[in-house]
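Shared chain: chain A. Partners: chain B in the first complex, chain C in the second.
After this line comes the complex of A and B, so read on.
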């Protein structure tokens, strides 16, 4: 097994979901209606759990630092999240569109990982299958509602948020040098294959929502090499504030 | 104009004016979503039990939001949602129609002593077999 390639894949998956969990959690207490506030916060908690599970695999099987250190103890340049998850929440329209595009990607990725040749990852994929199905259901229901059953304003806002998010969302599928080895050993199907499947899934949902899928955009890249958007550094300061007071504290 | 500085950085970021000058516009009446009643099923085959309500613009969203409000803790296999307007109910003032006069014991199960008859029947059946 190409250990470096595996670490690269799992770290970038975990970092994406960690950072987005933090962004989602920023809505807690500020959501549009009480019920949705609770639902969205719950999604954020699920996401955090997925990040923790991935960091735990990295710790147990690949000798990386424990999950807390991975999540809170790394410098910005050591993070591997893509710019898409780093962007501020903006209005709820953008947060929902990002939720849809990200969770469609997670659904496709983890569905494929159920067949992974790496057993701990395949097991985790089975374990979180229900949560991911729910996350996609949650995102899809809102997008279809606001796209096809809302007002002119809601539809226009969803389309505008979608156009903004699209090039960033493509950054989720940045291929890495070690990926070929992982594809060859059946570890995962590769970013290009995942992206193709994701586009079909997203296209179907957007059609139901009467929204138009953007195309011919270049992906916004850089995060996988440690070059981040201007929004990550302040997020890390806020997210790690308590941890940094005393990294050795037992909770 | 000074803005609110909170221990919660999210609130600080909103740059809410400390002294807005005028009172906020009152909300229009009935601008909330309607309510849907939620019924929760714990096991396959069990009754759906009424557990509360959610605010939602339509049934699809009500079902989605009910999942988190009523299905995230404890065992759940299914949920129903019903628009509160579709629930047909009696007036609370009519509760007295359920109060029946107490002397009609012949309407209560407890008024019938059948055990003796059952035992006599069993005995009779036993005798016939032997």
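After this line comes the complex of A and C, so read on.
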């Protein structure tokens, strides 16, 4: 097994959900209605669990530091999250669109990982895929409602948020040098294959929402090499505050 | 010490979020190994990957087995046998209902479509004229519903 390639893949997957979990949790107490406040907080909690499970695999099987150190003890340049998850929540339209595009990608990725040749990951995938159904269902319900059953304004706002989010969303599927080895050994299907499947899934949902899928955009890249958006540094300062004061704190 | 004695002791360990149900009836105990009287190994799995109650339940399980006089108790949390709502026992389903939660029905989890959430049977009056309000509720394993028959809001235990 190409250990460096495995670490690269699992760290970038875990970092994406960790950072997006933090963004989602920023809606706690501020959601437009109580149910949405709870929904984003619950998705955040699920995602934090997924990140922790991935860091645990990295720790137990690949000798990486323990999950708390991975989540709270790394410098910005050592993080591998993509810019898409780092962007601020903005208004609710953008948060919903990001929720949809991200969870469609997660659903495709984790569905495929159920067949991974690496057993601990395949087992985790069976579990996580069932949870992601709920994330995708929630996002899809709102996108379809605001796109095809709302007002002209709601539809225009969803389309505008979608156009803004799109190039960033494509950054989820940045291929890495070690990926070819992982594809060859059946560890995962590769980013290009996942992206193709994601586009089909997203296209179907957007059609129901009468929204138009953006085309011909270049992906926003950089996070996988440690070059982040301007928004990650302040997020890390906030997210790691307790840990930096007392790394042994329990809460 | 037998496996049944251990399981019987574990019936006293409750889910801290739903105190009417035991960890055994919840289906989160996936294996119990008894190696004479000196060693008991319990394997358990969380309902949801990020379930915040799992550490409490793990500690409670260990304490309950230790209270039987077992010297070495090992409790492992793994995803080897993934939890699904099909692992709830009949007694577990009754306990959920007693707590006011609509119990999940049996589903093929691979092909489960969440549209089933739109007509969950109301735990108060049994009607299926219900509406899903949100697939997320006060804990990760619950959803929010409304009964159009008896006009009450209720929570359901999510099928996964």
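Here, the second predicted complex is superposed on the first by the 248 of 251 C-alpha atoms of A that agree within 3 Å, B and C clash if a C-alpha of one lies under 4 Å from a C-alpha of the other, contacts with A are read in each partner's own complex, and residues count from 1 in each chain.
Basically, a contact is a pair of C-beta atoms (placed from the backbone, for glycine too) under 8 Å apart; a residue touches a chain by one contact, two chains touch by 3 or more.
Note that the structure is predicted; figures quoted are calculated from it, not measured.
> Looking at the overlay, does A:138 come into contact with chain B only (first), chain C only (second), both, or neither?
both
> If you stack the two complexes on chain A, which partner ends up touching A:124: first (chain B), second (chain C), both, or neither?
Only chain C; A:124 stays clear of chain B.
> Classify the contacts of A:175 with the two partner chains as first (chain B alone), second (chain C alone), both, or neither.
After superposition on chain A, A:175 lies in contact with neither partner.
> Pick one for A:49: touches chain B only (first), chain C only (second), both, or neither.
Second partner only.
> Thinking of the overlay built on chain A, is A:203 touched by chain B (first), by chain C (second), by both, or by neither?
neither
> Figure out whether A:26 sits in contact with chain B (first) or chain C (second), or with both, or with neither.
first
> Using the touch definition from the top, say if A:238 reaches chain B (first), chain C (second), both or neither.
first
> According to the stated criteria, A:3 is in contact with first (chain B), second (chain C), both, or neither; which is it?
neither
> Between chain B and chain C, point out the one touching more chain A residues.
C
> State whether A:39 touches chain B only (first), chain C only (second), both chains, or neither.
A:39 sits against chain B and chain C alike.
> Show me the chain A residues, by the header's touch rule, that chain B contacts in one structure and chain C contacts in the other.
On chain A, the overlap between the chain B and chain C contacts is residues 35-36, 38-39, 42, 134, 137-138.
> Using the touch definition from the top, list the residues of chain C that touch chain A in their complex.
On the chain C side, the touching residues are 48-52, 79-80, 82-84, 109, 112, 114, 133-138, 140, 144, 158, 160.
> State the interface residues of chain A toward chain C in the complex, per the touch definition above.
Counting only chain A, the residues touching chain C are 35-36, 38-39, 41-43, 45-50, 52-53, 120, 123-124, 126-128, 130-131, 133-134, 137-138.
> How about chain A: which of its residues touch chain B in the complex?
Those in contact with chain B are residues 26, 30, 33-36, 38-39, 42, 134, 137-138, 141-142, 145, 149, 238.
> In the complex of these two chains, what residues of chain B are touching chain A?
Per the touch definition, chain B meets chain A at residues 9-10, 33, 54-58, 60-61, 64-65, 67-69, 72.
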